[in-house]
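What follows is chain A paired twice: with chain B in the first complex and chain C in the second.
Right, the complex of A and B next:
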């Protein structure tokens, strides 16, 4: 029972980071109709700008988080302006291939700059373990979880309760009608990409602190999972994407705990694909394209 | 004084296929004007060209004599005071009724003023007030049409573009929609309506055009148009 609870908790923590990346990925897809395969590398860039901020500005967790958010946000801004916007309105495959190209360039470019192996990330916070009954949670895990939940809470508040967030959902469902009611679709699209990028930047720094390293290929794992999570949840409700991402983390952790860590991805993807067989437009429904 | 909207020699093509072929129409302030035409005649294309949603091949669309709408983007055109009741309502079904109305007033940055305007409209449409927190997609067709009209009125437009507002509605709801259109016009809002339901729309409009394969073939005061033989045959089921 303790093992079960421990693994559920571990899974929720891992899943909360998946959720942040997946929500950003699906916000961009939903609003711009772009499968942004560079999104995981925005995450990776945030990890390295956060590292740079920690090394060269101040070895303070807040500084590193801000560095990660700003770096990722800027990379997202440039990507939107130079790659995504010129290709909008074309076939969805065009932007998919273009962003995939950017992803490969970003990963390999970073590997050339900083080396192909993980770099140590400074220990910005302690290693205290907290005990709740028999279940343990580390200080860094707690920070990672709390930050992810805060970012998810922000994303949910933004799309539900703000004027621009409402416009974001309006564009997602009917872009033409939104434009005809005074929404500048380009501006909202750009804000969406930058926000999604900054969210990924925050998550990347907290993951780097958790595992103690920054890596040029750190985005790969998150990219594929975010994409599948979005397909399984459907993109109609961002909260649905969050729920599926958390569920994915829990399944992985349980498989790791009871079977083997090398099976965790296999079992998780099997379940996700099985869901798609039963519900092709996702558990919570998708917008028609 | 220049007319509210003046379309001159408008040509629109889908790829190479012409949809609108040299249409020139004028809407003076204060009137309800009607474009009649069968499916595929190009009625909705004209509306979309005015809104900036469909690029034109040539011609001009002037608003209040000065702005050439063909040079503006959809959100800029809306800011001049043009609102849209789209064909088939096209509400945001995953947004609540209230959120749809707030989106109708997206350009109003003053939240208090927007809320006052929405409250006024909800008084006029008490049924929508009852359903304000329901998802717009869950309403009946008639209620959805009321939301679509209310949504277009939130921004207090000068010109309302109504694309087939009677389509798919029960006859008693159609009567309500047309009565409401008259009421909107009495508030000083000009209306350009596109319809296939000629009999009732002609009673409402001051002026009408008959559009066939992208060209205006008949033009005149509604009463005269209703008496025209071609309109009688095509839309009114022969001589009454």
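Right, the complex of A and C next:
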């Protein structure tokens, strides 16, 4: 029972990071109809700008998080302007491949700059372990989980309760009609990409603190899974994406704990196949289907 | 065939990729852009590896059986997907590819996670050249055949195609099976050259390579993808002078070509009276159905008398 609870907890913590990356992925896909394969590398860039901030500005965790968010946000801004916008309205696969080209450049570029091996990330917060009736949770895990929830809460509030969020949903529903009603599609698209990037930047720094390293290829681990999470959930409700991401984290952790870690990576794909056959537009429904 | 020194492996890998791209082109022509190319090639590789290594089959029958087995798997997959369209179809092939990889991972008989090793070395330069030429010939003949025209009709508008007497199910299953056969033969040939088949090489990122070849070259003709395959397979090797910067350059080349020619490297000038080439600024005429802007797909093909393409 202790093992079960421990694995559920570990799964929720991993899942919360999947959720942040997947929600960003999904926001960009929903608004721009673009599968941004560079999104995991925006996450990676945030990790390194967070590292730079921690090393050169101050070893305060807040500074590192802001550094990560700003770095990732700027990368997203440039990506939107130079790559995504010229290709908007093209086939989904064209932008997928163009952003994949960016991803290859970003990963290998960072590997040239900082070396192909993981770099140690400074210990910005302690290693205290808390015990809750046999279940352990570390200070860093707690931070990672809390930050992810905060970011997800912010995304949810932004989309539901702000003017920009309403415009975002309007574009997701019918881009042409939204534009006819005076929504500036270019601006909202740009804001969406930058926001999704900054969320990924925050998550990346908290992951780097959790595992104690920053790696040029860190994005790969999260990329394909977040993509699958978005498809399984459907892109209509962010809350659905979050729920599926957390659920996937838990199931993976349980498979690792009770069966084998080699099977845990397959869970996502079996889930995807099952959902595609039963509900092709995702568990919670998608726009435009 | 003589030795080409440094270039020999590059030529062989380019031609192996040309075989797989030809197969994917056939599949994609009926609107089923498969994201499972690497998985299908892996199936071909495993079948041929087991037959030659464990049952002492000779080379040629093993490759033929591998092609047939892959065609059957591909045909079954296409039959399952016959009602799916566009994005969902692509995703199903993606999931299928990953599932195949996981299944191979968990079968100890074919080596599990370590892959199948101890495959006899059979593929020579000559074999690869012959099969590549054959694959190109099949794809080229297919492109201009009645089935090829029916495929384009199904890709552009399944409903209209069906109304004109084209059996969507038949066209889709046949093209997928034919493409899979070519891919399976290519995978088998590759297995007898690399001497190893692993579950990881059946995964999504490997399949994506072939989609890059296809879209980089442009889906409007067979020659675009073939040129792109050779260029992009050789690129990382040719770029070796750039040392650690070579993959950055590789990514940059892909990005710039997509931005510069969003319909791919080689585009087709629509034939017939008043046919005009794709102009800059006109709506996308990407040869896919379903996405925004693709209504203007290669008009020539939409306007061909589909009735003659049906039976």
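What we mean here is this: the second predicted complex is superposed on the first by the 287 of 289 C-alpha atoms of A that agree within 3 Å, B and C clash if a C-alpha of one lies under 4 Å from a C-alpha of the other, contacts with A are read in each partner's own complex, and residues count from 1 in each chain.
As a convention for this text, contacts are C-beta pairs under 8 Å (C-beta built on N, C-alpha and C of every residue); 3 or more make two chains touch, one makes a residue touch a chain.
None of these values were measured; they are calculated from a predicted model.
K.L.:
Quick check on the superposition: with chain A as the shared anchor, is it clash or fit for chain B versus chain C?
P.N.:
Aligned through their shared chain, the two binders fit side by side on chain A.
K.L.:
First (chain B), second (chain C), both or neither: which does A:114 touch?
P.N.:
So A:114 meets neither chain B nor chain C here.
K.L.:
What's your read, chain B or chain C touching more residues of chain A?
P.N.:
Counting contacted residues of chain A, the larger count belongs to C.
K.L.:
By the touch definition at the top of the document, which applies to A:183: first (chain B), second (chain C), both, or neither?
P.N.:
Once the two structures are laid over each other on A, A:183 reaches chain B alone.
K.L.:
Centred on chain A, what angle do chain B and chain C make, from Cα centres, as a multiple of 10°?
P.N.:
80
K.L.:
So, does A:236 touch the first partner chain B, the second partner chain C, both, or neither?
P.N.:
So A:236 only meets chain B here.
K.L.:
Quick check on the superposed pair: does A:87 touch chain B, chain C, both, or neither? Answer first, second, both or neither.
P.N.:
It touches chain C, and chain B stays clear.
K.L.:
Considering only touches as defined above, state whether A:167 meets chain B (first), chain C (second), both or neither.
P.N.:
first
K.L.:
Once the two structures sit on chain A together, report how near the CA atoms of chain B get to those of chain C, whole Å.
P.N.:
Superposition on chain A places chain B and chain C at a least C-alpha distance of 7 Å.
K.L.:
Let me check the overlay on chain A: which residues of chain A are in contact with chain B and also with chain C?
P.N.:
none
K.L.:
What residues of chain A sit close enough to touch chain B in their complex?
P.N.:
163, 166-167, 169-170, 173-174, 176-185, 236, 287
K.L.:
Quick check: in the complex, which residue numbers of chain A touch chain C?
P.N.:
Residues 33, 83, 86-87, 89-94, 97-98, 100-106, 108-109, 111-112, 224, 231, 262-263, 266, 269-270, 272-273, 276, 280.
K.L.:
Under the definition above, what is the set of chain B residues touching chain A in their complex?
P.N.:
That would be residues 51-53, 73-75, 77-79, 83-84, 86, 90, 92-95, 99, 102-104, 106-107, 109, 151, 155 of chain B.
K.L.:
Under the touch definition given earlier, write down the residues of chain C that touch chain A in their complex.
P.N.:
33, 84, 87-88, 90-92, 94-96, 98-99, 102, 105-106, 113, 204, 208, 211-212, 215-216, 244-245, 247-248, 250-255, 258-259, 262, 284, 286, 288, 291-294
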